[in-house]
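Below are two complexes that have chain A in common, paired first with chain B and then with chain C.
Our next item is the complex of A and B:
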């Protein structure tokens, strides 16, 4: 495992106070409510949370591919190019030439359901070639050779044949490998993977995760891995963000998150997983259900389910992320350093990164 | 019946379910998918029997064939009715089948797809009661009782499924399965569609109900950690066959089939300090192409010539002190596998 989030290293993606809302049937859903995430060169960042926590929306914001009823209300998603040039992705038109250059060329994405995210009527070759021709049309080699090379690299046996296959002719694991090949074929700097193995069987999941890890390390990529599976996070991420209802509630190096989780939500989440070879016959649970994102609880969004609730403060005020130990932050009044918490007004809870 | 210390409530013997592959205009049968190929196991009274395996291994088909949503190609399914009578489910005629089926409840995987969105909770949970002629006046009281039992407020009865979260919907599904006071509950991946925190609630609920109502479970899942948590005994399936069967504790501490060991190694444990060394290469083969030899031979790191030639039978592992550890592997007594 790499050394963890050393903030002095170069960052590639810097999300600051991101707010995203969705409108649906006259209802506004605040999917992301002030998220700060920083991704460094070569680092594997894990974003973990249950359904509705905003992890996928956050990842879509990095590529500016929100669905048409979604909107970035405020905040920045900055990307730093090799030459030091910094671009705020939220200010780009999703269809602009500039955004298209970044998307796929600099920041590539692997989606959850490989069958649904490939076009069923084009061959693997056509779909991978599209990206290569858009981003870096080859000068000396034929596109076909490049594609075969990448398909071989991701462990597809007999790539000369697989290249002309349609997605439905490949197994789930092979389709996900082809998707990884497609993402890597344009030499991106950042790979965003949204639940890349959730649809796969456990032995195939292991193979695909190992492949992603290997590619990340060999190519020096930054990886943003979005998952609900703490087991996957534990073995894939260097640095972890735990999200709940549109906010980051805890962030820290992977070892600290698992050794000494600070936020009551993280603690309960880790406790509630059935683990192999533990004698307890009863699982710890988190009471209640994840509330509807259109009706967020007041104060700390976790307070109705929290076992460590302190009092009125939790119901009234929004906690900010506080540094609990070196490089490890939790957004909970248990760690509040202020005597009196001030009423929070949007935008003031952005977090300062030590530099 | 088996000579186990607990009497079996369900005893599946040599169950087979082959699906024909039809080809061409005349729908000529070109071969068979052996979805379930000679599977035998039993569910003991008051216990939870687990079936675990990857997609396509036949675990769901096994369950569906037991309750006769599929007709078995061959084999027997002995079910012990309340009064001690033992019946072969696979051979019952339709009218008798309905009579017996009330003793088997089923919980399905997807709580979003398995509840009719146009029916209220009352109608959904009362459906089995209606089907078995329970009077209108009694139905509502029974539904209220069932909802309380699964941790829902009976006042939610007039609401529709969309008003409930995934975990609550699965509670409704469990209430429906329990409506006729079954003695056996078949749960097919009941928690795989749920969030972790909710999954724990449902697993605890299922354990409580089993103890309180004296139920027996056939529990189907792909997740080893869930299986280990809730089951007393586990059968591991691969391509239509059981490759290993043992009491949960034995299986997880001394797996004897290479496939069981690879499944365990593939699971990422939520602890960054624990090593994670998944080793298994290749993919599950096509169930239509099974020939002779061990079903796992093409992926097995220990496979020898005999594995490709002869199909191993499920036999008691001789080096094991417990006689209830069954393994289908030619080298079961020689291999030293890590848990």
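Our next item is the complex of A and C:
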């Protein structure tokens, strides 16, 4: 299943050196600071990190739906259509017809809270039909049948009844299934799922994840899965990006990330997954908290919490992603091939995709 | 839905009873009952006090009996249309109210229409163009409207109108129509006299509504379901009309009951300044002269009307919001 090594395969989304900032009460928050992510056709990409690491902002940038106080400062989010046409989403007006055509129609999104993400005063049918009518209005009047078909496909029992329900009449799991049906109903090429199971009961989480995986494989979708849960990543993703404070600190195929994590942050994340068969009473944690994104630490942003800190370099210089093994990159001076880096370059010039 | 309506109607009944007790308390508030007051007044004027009439009145309103019996007699009389007697006007209370109440209702309803016709679009505009020059300007004007007392505004507008046209815009009809039979011209004259007081009485309500609509829309626009709909590719215009406006309308409708109440209690001073034959000034005078049957009856009727307004707004809410309809 894991065939990610071949990056000559068709990519669908290519994010290059993305910078996003938020303004809040005269304060600037640098939420995303030079992120490179590439999503290939049919691939499941996982983006993992603690809250505030910029993973949701990155996903919102893919659809150009940042809140009004957010702004893409620089970088590219390129989308490649079926006909080979490449569009830089950051250059599109968020309100433009072109941007709206891509939203839902090419790149669809599943949100974190299925209750809050459905309008409480519209039926499931109205909310799913809205997207269908926008992107693929059927020639004959079969919208209702299409919706029932999708509701059945995502495992909603009795879809003929559920279609006329209001969101609050469905259980949390059923609502998230309906949300998935809503995303799939417009035949997108990319499915972006932002913490799709965080708000659900543990027993329902696995079912919904399995459903997303199944739909992704059956429909040949590219999946961008955003989560803080490494367990979810392990089950779902082919390729993993680990983010910390608006940067990708490590990326690689899922097996390599879990078998030989390179960045101290990734190691800490994996170490803090609770294990049942160890005698230790205390859960492992990462020391300290995520710093305030409006006051980023100098040098490597992780250095105040790092257990493997080398020295002055970590406090002064910004590490760049370097290939530590085939297709596996980490941004840490532990693997720096340069003896001396220019102080505060902060650039990501040396980031290249493996060829 | 039926369950909801039945529940609302059931809540309506105990509230109604409480309001009637309240109004009865208003009538009972002065230290002397009204017949004693009447006797004192007649003696003060040097009139012959007719003992038979006094006793008849006492019997009719159950004076001297325990309070709860008086209350029941009072309620019983109301149900057959007898609201008691006004001493100041020396007329049945029901006749005074029937003369005045229609004007009050017409007047309040016009003010109500103005509140919603002006308040909703401005609130919408302020929210959609938040922090724009238009938003700041409208907010500024709104607060001025809220801050200026109604009588002041009435005087300013009357003066302005007089300066502009040379006519005093007092009363509800112009001189030539005052005693004329109903005609289209008279109707237009009525509208012409109505809009200024309606606007005056509506200013506070309008400003309040602008703030409510603006705050709710801004609130709803940030909700995740709006982002989710945007991610489907919905245009911004359709987005705001289909989602935030639809949800922000709830508080606007539940506001109806309060707006009605504010309009009715707000009209008194304006009506006195402009000389409108509405019920507000009568209530004020009745309270000053301890004309308690009149005062109590007006309090009762206005309260019931407010209650009906609230009931209507509750039922409207159920129609537009499925969560209320389904009792979530």
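A few points about this structure:
The definition used in the following text is that the second predicted complex is superposed on the first by the 341 of 355 C-alpha atoms of A that agree within 3 Å, B and C clash if a C-alpha of one lies under 4 Å from a C-alpha of the other, contacts with A are read in each partner's own complex, and residues count from 1 in each chain.
Methods note: a residue touches a chain if its C-beta (ideal position, glycine included) is under 8 Å from a C-beta of that chain, and two chains touch if they have at least 3 such contacts.
The structure presented is a predicted model; accordingly, all values stated were derived computationally and were not measured.
In the model built by aligning both structures on chain A, chain B fits alongside chain C without clashing. Once the two complexes are laid over each other on the shared chain, residue contacts for A:229 go to chain B alone; chain C is not touched. Contacts of A:286 after superposition on the shared chain: chain B is touched, whereas chain C is not.
In the superposed model, A:133 makes contact with neither chain B nor chain C. The partner that reaches more residues of chain A, of the two candidates chain B and chain C, is B. In the superposed model, A:182 makes contact with chain C only, not with chain B. Once chain A of one complex is fitted onto chain A of the other, the partner contacts of A:273 are limited to chain B, with no touch recorded for chain C. Touch criterion met: A:169 reaches chain C, while chain B stays clear of it. After the chain A superposition, the centres of chain B and chain C are separated by 70° when viewed from the C-alpha centre of chain A, nearest 10.
Taking all C-alpha atoms of chain B against all those of chain C in the superposed arrangement, the shortest distance found is 5 Å. The residues of chain A shared by its contacts with chain B and with chain C come to none at all. Against chain A, in their complex, chain C makes its touches with residues 222-225, 227-236, 242-243, 246-247, 320-323, 326, 328. By the touch rule above, chain B contacts chain A in their complex via residues 54-55, 165-168, 195-201, 203-204, 207, 222-226, 228-229, 252-253, 262-274, 276, 278, 280-281, 283-284, 339. On the side of chain A, the complex with chain B involves touching residues 1, 50-51, 171, 173-174, 201-207, 209-210, 228-236, 254-255, 258, 268-270, 272-277, 281-286, 289-290. Interface residues of chain A facing chain C in the complex, by the touch rule stated above, are 63, 65, 67, 95, 100-105, 108-109, 111-113, 116-122, 127, 130-131, 134-135, 166, 168-169, 179, 182, 186.
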